[in-house]
Amino acid sequence: MKQRPFIGWFVSPAALVALGLAAAMAAILQYSVRAYVPGSLDVGGLTLENFTALLRPLYAWAFWGTILLCLLTATFTLFLAYPVAYALVRVRSKALKSFILIASVTPLFLGEVVRTYSWMIVLGNNGFINSVLKSLGIIDRPLQMMFTTPGVVAALVHVTMPIMVIMLAAGLSHIDRNYEKAAESLGASPVRCFLTVTLPLSMPGIVAGFSTAFAWTFSAFATPQLIGGGKVNTVSTLVYQLGFASFNFPFAASLSLAGLVMTFAVIALMKRAMRPVERLGEQ
Amino acid sequence: MPFSMRKSPLALAGILLVAIILGFVMLPAIVVTITAFNDKAILAFPPQSYSWRWFARALSYGDFQKGFWNGLIVTAWASTIALIVGSGFALALHRYAFSLKSTLEAVLLSPLVIPHFTIGLGLLILSAQLTVGRGFPLVVLAHVILVLPFVLRSVFISLQNLDGRLELAASSLGASPRRVLFTVTLPLLVPGLVSGWLFAAILSFNEFTATLFVSNQATQTLPVAMYNYVREYADPTLAALSVIYIVVTALLLTLANLFFGLGKILNVDAH
Amino acid sequence: MLTRTDIATPTSLPAEKPVVQLDGVTKRFGEAIALHEAWLKIVPGEFMTLLGPSGCGKTTLLNLIAGFLDADGGEIFIDGILVTETPAHKREIGIVFQNYALFPHMTVANNIAYGLKTRGIGADEIKRRVDEALALVKLDGFGDRKPRQLSGGQQQRVALARALVIRPKVLLLDEPFSALDKNLRASMQIELKEIQQRLGVTTIFVTHDQGEALSMSDRIAVMSAGRIRQIAAPQDIYRRPQDRFVASFIGDANVLKGKLSAVTDAVAQVTVGSLSVEVPAAPLAGLAAGADVDLFVRPEHLVPVDGDGGPAAPSLAGTVRTQVFQGGHVDLYIDLGEHAAQPVLLRSSAALAPSKWQTGDVVRVRPVSADLVAFPKQDG
């Protein structure tokens, strides 16, 4: 149609929001190349110092550690979410389906603070796991889980599970069951059928889910802050400390910017790296 | 992993596996619920005696009350604005070709992968540059940016499921584009609009990281108040609040599932 | 290639002002041409059918008339007014879609009233006209139902009532019956034709079903690959197809290998073996005597010649290949050897067969009709 009624009404509010977001990102970009004036919220002249500071061991390690944390979390989440998503899509009973859906999706809507707090009670020295182990006589001194990387990963996996389940299930639900039936009728064992048909076909969902889990983990703040308790430094906790403890906003900005670039790079890499896996089914 | 195959060992193993994983997912909620009824002020397991007193404290604690009302204000504004902005843009995306279409789409969807602390920091710096204070408008803008992708997705999916011929039929019957929009398109989009709004509202009410950056004492929302509380106290007040949270959220989701089919909203049901 | 004058020739049109007129309308989707220079005139009260295989551009043509698509070339007139730039909602056209497109959130009565409300008509008048429309499609008393509470046939009637109640200048129907089962379809066809004649509404009907087209239409426009091939009354389309596509798309046709023996302005002489028949010369324009041609013969125009006795009329010898009992008649497939690439089909009364012939019998056949046509030979 040549006429596009209301196009202005439809697009301009969205364009305004996009502008706001773009301006915020531009503000970060601008601050990241400005000098830090200690004790002041104002910034000095142009400098590249903030980026060279990123190479200092503390920050370089935190960066690297955050990437590992994200990869670890996304991988665990994938392995835990896949069976749930599969069950969600394939289970026949409506009630069971609703139960799986609500149980796995509710945490998505609880917010990071509630979820992190719950994990603090589970992992704490007087918490659920230690109490159970102690009463069973397996341990007599509490296991240290708070303020450790495994503790943070466990809580983060819990944070990213719902979105991973949703993305995997969305992919799986669009796979025609008849492909699997065809493979089985051709003599493929259930395992072989899964590996050669279902898995490759669900690859787009896996890539989307993994990338999102990665990005969400990178974005998480309350979990590494509260469960890591200062022992597990991530980009997010450093940015917060730099901003609100030392008011070094220029450096916080450059760290954020580096994190953003890294997130996009990893997501792009992942999409590329997973492409050969999608062809698995062709052999 | 064919769960449908009865009694095959593989299927049984699969069922067991899923049950264990769901246990992991639900464990914190269960533990936090038990804790909330613990009479003692120390976090310990299992509780020696039970009471409702932490619920009473959670509901009467000033910061939580203030945070709750602040959160409601921010959520109401942010989700409504996001609904209007998002449905308009979804309509434009679905119907029209226009310049910068894919750029605009990419920018508006980018908060799905941009860390929330980055968006928070960016808006904070921006507000400093423009010398506007950290008032409600800033918090609302942050929330609109963050929940917009979800509204967009929800409305766009409903639009795809809408039969375009209904709009053509209406215009052939003499309805102007405005009349078609208000008497056919929007009424038929209601489920998508409601679920999009609900999504936006729940996410906005729970948003924490970006809010931590852009709010101040006067505008802090409930999650920020809760975060500040955990850092200072270790009693089960927060557990009680969490239980209220979990119950309300699960109720809302169950209702959404009953009325709209959550599976359809989340696009995990094949049609 | 057809030209405008070709198309205008076959039927004598009353010299009335056309309700719908298309002058060389073209529509492209990217590189693909969905409609190539369509020329069409539809007179008041006429029932015009667009007939052609799926994907030939019927819906595109309809959408152009309705204003849902913009033409890339040509002009469209409705009631003599150029509407090429007029938006759909100002064209005053009634449309019935294949899936009915009833508004699911409105009652039947509100569906029908929709077009009246947009015209700002008073409530009493709307009620009167909605009731009238419901009566017209025999759905009195169904006004308060929601569309999903109706059967397919009933929904179809509501769609028809909704389109007619606005007294459209022209009624467009896009394969309206293709979702209905066979019996319902037949009765809806009769009903639609009845209503159309009673109201005298100018109608453009789209179908890919030739039976439907032949039985309902005043004229048929046969389309293929984005082009209108022929516009004529049903009998003329069947008896005097203008090109090869029309001849083979409408009805069954046997193709015999013939030779052009003589050609004059109007008629041409074609020989097949010892047979010699007359065909219209127009489709063979440009061919010289001696050229290879394909002779099209309808199955019911091919008759067996009694072998013993009888006048020795010229005929072709063939072997019976297969007999298929069809109830009222028997389909007999006869191999004519060098005279036809495929065995030819002959319809014989069931009373005669199957006892009369056995597979492998030699029979003699000949065409008995004035409606034979021939086209230049085509490879394959």
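So that you can tell them apart, the chains are marked A, B and C in the order they are listed, and the count of residues begins at 1 in each.
As a working rule, a contact is a pair of C-beta atoms (placed from the backbone, for glycine too) under 8 Å apart; a residue touches a chain by one contact, two chains touch by 3 or more.
Just so you know, these numbers come straight off a predicted model, no measurement behind them.
*Asks:* Among the chains, which one keeps its Cα centre farthest from the Cα centre of chain B?
*Replies:* Farthest chain from chain B, going by C-alpha centroids: C.
*Asks:* Looking at mean CA positions, which chain is nearest the middle of everything shown?
*Replies:* Centroid comparison flags B as closest.
*Asks:* How big is the gap, in whole Å, between where the Cα atoms of chain B centre and where those of chain C centre?
*Replies:* Each chain reduced to its C-alpha mean, chain B and chain C end up 56 Å apart.
*Asks:* How big is the gap, in whole Å, between where the Cα atoms of chain A centre and where those of chain C centre?
*Replies:* 60
*Asks:* Quick one: report the Å distance separating chain A from chain B, using the average Cα coordinate of each chain.
*Replies:* Chain centres of chain A and chain B, defined by C-alpha means, are spaced 16 Å apart.
*Asks:* Using the touch rule from the top of the page, what residues of chain A touch 2 or more other chains?
*Replies:* 3
*Asks:* Scan chain B for residues touching two or more other chains and write them down.
*Replies:* Where chain B meets two or more other chains at a single residue, that happens at 177.
*Asks:* Mind pulling the chain C residues that touch 2 or more other chains?
*Replies:* Those would be 68, 87.
*Asks:* Mind listing the chain A positions that touch chain B in their complex?
*Replies:* Against chain B, the touching part of chain A is residues 3-7, 9-11, 13-18, 20-25, 27-28, 30-31, 41, 80, 83-92, 97-98, 100-107, 109-115, 117-122, 124, 126-128, 130-132, 158, 161, 166, 169-170, 173-174, 180, 190-191, 194, 211-212, 215, 218-222, 226, 235-236, 239-240, 243, 249, 252-253, 256, 259-260, 263-264, 267.
*Asks:* Could you pull out which chain B residues touch chain C in their complex?
*Replies:* Contacts found on chain B: 163, 165-166, 168-177, 179-180, 183-184, 187-188.
*Asks:* Which of the residues in chain C come into contact with chain B in the complex?
*Replies:* Residues 66-68, 87-95, 97, 99, 101, 103-105, 114-115, 118-119, 162-163, 166.
*Asks:* Could you list, by residue number, the parts of chain B that touch chain A in their complex?
*Replies:* Those residues of chain B that touch chain A are 1-5, 8, 10, 14-15, 17-18, 21-22, 24-29, 31-32, 35, 42-46, 84-86, 88-89, 91-92, 95-96, 98, 104, 107-108, 110-119, 121-126, 128-129, 141, 144-145, 148, 177-178, 181, 202-203, 205-209, 212-213, 223, 226-227, 230-231, 238-239, 241-242, 245-246, 249-250, 252-254, 257, 262-263, 266-270.
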